[in-house]
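Think of it as A, B, C and D in the order they're written, each chain with its own count starting at 1.
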């Protein structure tokens, strides 16, 4: 049972790490005023990715709804991150879009 | 801004506590076989209620979607809890239905 | 059983809200460069407060250790917040110090 | 910076999955009365492992204290799980002890 979720769990946990790394790096940038929305979305995204991974791992009855929410948050975070040239933002955007895609596949 | 969420935050946090109390009490019942689904849903519900309360408190851009998910989980948990005569289950069911109602009002 | 934790749960949940409110408000300040550490600690503190409240509500076997960690994080967050004149920071500092005190009392 | 935490993040996330899988499987056993403590500790452990992984990924200032708590919870969960012959319990015990060991190494 759990195996069918494994790819999605893995992407959520990769995305959680990328978002938290981006969040930490944004808070250390010289000018963080322009990173405010990125910091905010990184937190939103890492938290829902972590929540989704736990939900799948415990075989929650609400996996579809949780993964749909997760996909939406990942897409919003990816769109914000890809606007910024910092490597941590570009890496994070990639992880977000990949995670959103796998979550959508799971829901379908 | 935050004040418009206060009623919903309060209900989510009350429901989180009722669900966790019910979870703890279920695990101490003499026959917990029939409480398995209640234990499972109590955890699901307390975790999403806690997540929703934090999301509202930080003015998340995803409050509507999160509260809709929260309402669905609360209703499922309330329906399971109200089947059982234990006081902790009946109390929990009430908290779940109240929280679901306030979450739905917020989303609308 | 749960009642002996109620005061501590209440303070943790108040502090969680104050920290998340301060975090949101910091991200909207004109100059957020000087708020970077406050943003970071607000998130640390709201997350451990939320975690502690859930742990107490479910009668976790690790309440003492969790509340000790929570007290330490609250104190660090309070010390950072009290440096800033914004009302949200001053309010947050008060909530942090109050929560730290109640957590310490619980552990003792 | 983040790389030095990677081994510990990886173990925490593996342990989070093993604990949640064990929790789900325990709730499906024929006689779950004897699994009550295992269910309880699986949840405690998966939640602190998830919390610790996020904390490390965001370069939290409280990593040492969080990982020390995590190690204690992992050990308690591992000791409970290893008492039961179910494969999911034995697998979970191994993941818990490995995670505890890596967390202790990180703290030292």
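Annotations
Heads up, the rule we're going with is that a residue touches a chain if its C-beta (ideal position, glycine included) is under 8 Å from a C-beta of that chain, and two chains touch if they have at least 3 such contacts.
This structure is a prediction, so every number in the text was calculated from the model and none was measured.
Looking for a copy of the A-B interface in A-D, C-D or B-C, one arrives at C-D, which has over half of the same contact pairs by residue number.
For chain pairs A-C and C-D, the one joined by more C-beta pairs in contact is C-D. Taking the mean of the C-alpha atoms as each chain's centre, chain C and chain D sit 25 Å apart.
Looking at chain B, residues 40, 43, 47, 54, 58 sit in touch with two or more other chains. Those residues of chain C that touch chain B in the complex are listed here as 2, 9, 13, 16-17, 20-21, 23-24, 46-47, 50, 53-54, 57-59.
Interface residues of chain A, counted against chain B in their complex, comprise 40-41, 43-44, 47-48, 51, 54-55, 58, 60-62, 65-66, 69, 72-73, 76. Across the interface of their complex, chain C is touched by residues 27-28, 31-33, 36, 39-40, 43 of chain A.
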